[in-house]
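Please find one structure pasted underneath; my questions will follow.
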Amino acid sequence: MSTVLIIEQILNGLQFGVMLFLMAAGLTLIFGVMGLINLAHGSLYMVGAFAAAAVAASTGSFLLALAASLAAAAIVGAVVELVVIRRLYDRDHLDQVLATFALILIFSESTRWLFGSFPLFLDVPKALSGTVTLPGGIAYSSYRLMIILVGVAVAIGLFLLISKTRIGMRIRAGENDREMIGALGVDISKLYTLVFALGAALAGLSGALVGAIQSVQVGMGEPVLILAFVVIVIGGIGSIKGALVGALLVGLTDTLGRVMLPLFFANFMEQSSATSVGSSLASMSIYILMAAVLIFKPTGLFGRA
Amino acid sequence: MPDTVLNIQNISKSFGALKASDGVSLDLREGEIHALIGPNGAGKSTLISQIAGKLKPDTGKIDLLGYDVTKLSIAERAKLGLGRTFQISELAMDYTVLENVMLGALGKRGGAFRFFMPVMKDAELRECAQSAIERVGLSHQMHKVTSELSHGQRRQLEVAVALTLEPKVFLMDEPMAGMGAEGSKMLTSFLDNLRQQAPILLVEHDMDAVFALADRISVLVYGKVIATGNVDFIRNHDEVRRAYLGEEAA
Amino acid sequence: MISERFLNYTVALLILGMALGAWVMDEPFLITLTTKAVILALAGVGLNLALGQGGLISLGHAAFFGLGGYAMGVLASHAQNFTPIMETPFLIEGTNSMPIIWLVAIVVSSFFAFVIGLFSLRTSGVYFIMVTLAFGQMLYYFSISWPAYGGEDGLSIYVRNSFPGLNTLDPIQFFGICFVVLMVVIYGVNRLTHSSFGLALNGARQNAQRIRTVGLNPFKIQLIAFTISGAITGLAGALFADLNRFISPTMFSWQTSGEIMVFIILGGVARLYGPVVGAALFILLEHWLGGLSEFWHIYLGVILLSVVLFARGGLIGALSKKENADA
Amino acid sequence: MKIKSILLAAVSVAALASSAIAEGHGKLKVGMITTLSGGGAGLGIDVRDGFMLAIKESGNDNVEVVIEDDQQKPDIAVQLADKMIQSEKVDVMTGIIWSNLAMAVVPSAVAQGKFYLSPNAGPSALAGKACNPNYFNVAWQNDNLHEAAGAYATEAGLKNSFIMAPNYPAGQDALNGYKRFYKGELAGEVFTKLGQTDYAAEIAQIRASGADSVYFFLPGGMGISFMKQYAGSGVDIPLIGPAFSFDQGILQAVGDAALGVKNTSQWGKDLDNETNVAFVKTFQAEYGRLPSLYASQGFDTANLLLSAMGKADVKDADAFRAALKEADFKSTRGDFSFGNNNHPIQDIYVREVIKEGDVFTNKIIGTALKDHADAFATECDM
């Protein structure tokens, strides 16, 4: 395997990691501030993708589509928070898991009812549809490069938001002590709605970004949701930094595992069974990674005990 | 040293720059109540946690009944005979008083691995639990759910659970906290008798109780024991008065 | 308002009556449906031991359900093809005898539950939920890409396995087997709940620190509970495979874990008959709503959501006196 | 009382079931189990619509069709099959889309004396060792389209193919089917994860492999994701696939990325025969969308059934079986007959994805295999 190919694969792993980070950031933020496990986060991702596809189809503008994905997911997120989620903050994790599981059912089937069973069309904008040549002669998809940049921008934005702004201060206070923040005179229910909508908007954005190179269809959120959970659990639930590190780890493990493991097994078994065994192990790799991390650090890499 | 049941030798524990325990040595002898006092933030909770096994000291050694328990878990220390009550009640809140105390009785028996016989019909366990409940004066509340008990009753319940274990050493973290005057008085006289059964290491803020009960007192300030001695010695100890009692008196 | 015990007997009799009624009216499908509810209830009873009594919210119980199913599939497919499972170092033959299959299913799933528990119980809270999910997913992907037993396609067993003295292909007789198994397990779980072990297990859920302080080891207690719980769910998996005469990786999917959990919440957490009521209700809804609309998942979601939000004791909680189950 | 309403519900379910016992002579009851909810619903809906269109056009009111949704779950499918056989007492079953569901349902249904007509799935076991006189496949054996693609690649002079499929039995069969008829070298063979959505790593491997063609089998959303990402990657090695990833329902979601891709299919909407022209027209009029491959298969399945009904009573199983075997119906695919294993012998075409106005669709550009049967027929002793 050539060095250029390995570098390209590492880049692919990073880019997959960044996509996961967009999804995981919202999830971990919501958990960190409100202590809520939100299985319906994948549905917000789907909402973003469908909103983007619908707007792109009627206006033809990718930027408008992205804006729509942010807005739609944020609005849906806020409404869900007001109607359902806020009743769950004081409940145990079991209730949260089940209620948000129910939300998945409702969201998925409602979307199918509205948009039908066939996948929708959403394409990358013309300007980004080609490739750019990176140093070393790697031809890399411009759109994927943009995803990396957006992810980095969101990561920086979140760090700034949390460390430098008033809202960020309140969020941090809420993470440390939910009662204290009430005592500070902050309208806690408004803050929660805001944080939930923010997390939802991030999920919606990533749904739209990813939807353009994957398929926009009902049920698209669940596989990503599970991966995002793996990410935040590895990183330590509630930690944005953990989400970033976890996302990159998962992205790299998954991508490189898929490429390397079949090659590795080909050293001592016949080609087609090596491909099969290698792929099987690769599909389990991130779960093995997660179990391994938790065995050594039961609260994740950056989690608080 | 058969006379010394608990011997804490020069233990230290730091959290970052903060030295919560700084070379603490302490011992507890048969038949005595040894009170540990100190202002807030002096490191009493950290010390208790290390004795109970929740935290491991960075350096130093803890002997319980002649065994080195420094590296043992909470459960293992409990099995050796360390009975503990908590500053903030650690009880199964959905259980009745009886059920909570039955847990202690199970612990005394050394295992819960009986899967088929109804536990509430186990005469031996029940007797053990009921007598403990009687001794702390909760007989009338026996079937009340713990979450409905008053604060003081919960403290009594904690003591009852500890009693079932028939411990050789009691470790009590502020048993008087939150009790009314009446309750404190009752508990004081109860503890007074309890020392016959097993010695008590008592962490307490209630100075009346401490002076009434303690055979010896150790004073902990900034992670260090600054003085150990009998009531009069401590009352008249200059450094203690300055560091601690002085503030209180003022 | 009625007492929970009375309600439990009523539910058991109702299920029995349903099957017998269907038998008298010659409605074999209704019997099959009731049997499905009974088997899923058994899976729920298994999870409820860990989740309700032990407070261990496992989102990976599909692993044990699937393992039980595959134990049946592997044994029966080898018996069906007259090929041994392995010849070296010693010969293991397939079998189509239910009692042996059950035994194997229980041994395999409790072994895995023990190992998974050993790792998972080091964590708690959300981490526990997620690490059990991860183990479930591992087995799911493994079963998909393991070609020997059909991979994603699954494996069909053409004839239901046999039980000495009974004709298992007769729906009512197979129902009888499953019903008896369920009743025996419920009896056992009830005894367990009220035993020393049950007292300690429930105590560990409420306050692990308390259990430690009396000299008991909550980890050990929870590990044993998790293992028993996995074994029961595994047994249910073997029965479920026999009901359908078919196994597939779907049994391992995280949605299956979610559904088993749904039974418990519909019926009432930590209640002896909670999963039974929940599973029966779920099957009823599936067939009712499924007939009403293609989009019946919406209604199911709304019902589930309302139960979680407004009827915290589940259906049994709504019908009997206390909101909290007594231990 | 809630208990009471549950009981009532139970009783009413029972009553409903018992009232639906088949009656009359010459009548025929069809049980259709197909996927109508969840992610894979598009395929089932097309099969159902195609099937019902044929029934409606025939004006034959002796056919009663019971339709149930399997949610793409094998255990649900098995229970629905039990229900159809035990309480609905259907004569013929059909509708299943997915091979794994077919493997769960078909063997026990035919063992109980029911006829099964497969409108989509064709697992190899049912074509070979586990073939059954009561099982008729009206679509294809699973390997067929892949074999045709291999034949096309050989004929087109391709020498170095990169091949790719998800790591599950149908994926492994697909690559084997391709290799059976492909005579060139392999530049690479990759199994992806089932349900995988990101193919950057595989595309990088393709780029580095020096292949002259890429054959991929990635059904549903997987194929959409792959093609979009492939188009954006700048790799211009030509793609070949089976029709599943280029179906009418999916193409609109792929868009320009699919243009020009060659794919193999036993049907195309531009196939010039009388039945097909009429079918495409009436389907569009009835449902307001272009028919898909699946719709054509559903339509053919119903017509096969109707043709047999015209010749024999379903109660006379031997006569009915013989009538089915004749395949005396006008197929949308033109010539159609059954081999010894009751699987189709038919032409398989090569199509190219084109754009007609605003709609992406396929155009037939050649025939890959003529009168093609399947590789498993010899294993079937019928």
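For reference, chains read A, B, C and D in written order, and residue numbers begin at 1 within each chain.
The rule we apply is simple: a contact is a pair of C-beta atoms (placed from the backbone, for glycine too) under 8 Å apart; a residue touches a chain by one contact, two chains touch by 3 or more.
Worth saying up front: this structure is predicted, and the values here are computed from it rather than measured.
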Which neighbours does chain A have in common with chain C?
D
Longest centre-to-centre distance from chain B, chain (CA-based)
D
Provide the C-alpha centroid distance between chain B and chain C, rounded to the nearest whole angstrom.
44
Distance-wise, how many Å sit between the C-alpha centres of chain C and chain D, to the nearest whole number?
34
Whole-Å gap separating chain A and chain B, where each centre is the average of the chain's CA atoms:
48
Sites on chain C at which at least two other chains make contact:
141, 144-145, 147, 295-297
Multi-partner residues of chain A (each touching 2 or more other chains)
108-109, 112, 276, 279-280, 283
Under the stated touch criterion, can you name all the chain pairs that qualify?
A-C, A-D, B-C, C-D
In the complex, chain D touches chain A at residues 37-39, 41-42, 45, 167, 172, 189-195, 197-198, 200-202, 204-205, 207-208, 220-222, 224-225, 228-229, 231-234, 249-250, 252-257
Taking the touch rule as given, give the residues of chain C at its contact with chain B in the complex, in rising order.
191-192, 194-203, 206-207, 209-217, 221, 224, 324, 327
Touching residues of chain A toward chain C in the complex: what are they?
31, 37, 84, 87-88, 91, 93-95, 97-99, 101-106, 108-110, 112-113, 226, 229-230, 233, 237, 276, 279-280, 283-284, 287-288, 290-291, 294-295, 298-300, 303
For a test of understanding, state which residues of chain A touch chain D in their complex under the given definition.
1-2, 4-5, 8-9, 12-13, 15-16, 19, 108-109, 112, 116-121, 123-124, 128-131, 139, 141-144, 210, 212-220, 223-224, 255-256, 258-259, 262, 271-272, 275-276, 279-280, 282-283
Complex contacts: residues of chain C adjacent to chain A:
51, 57, 59, 119, 122-127, 129-131, 133-135, 137-138, 141-142, 144-147, 254, 258, 261-262, 265, 269, 295-298, 300-302, 304-305, 308-309, 312
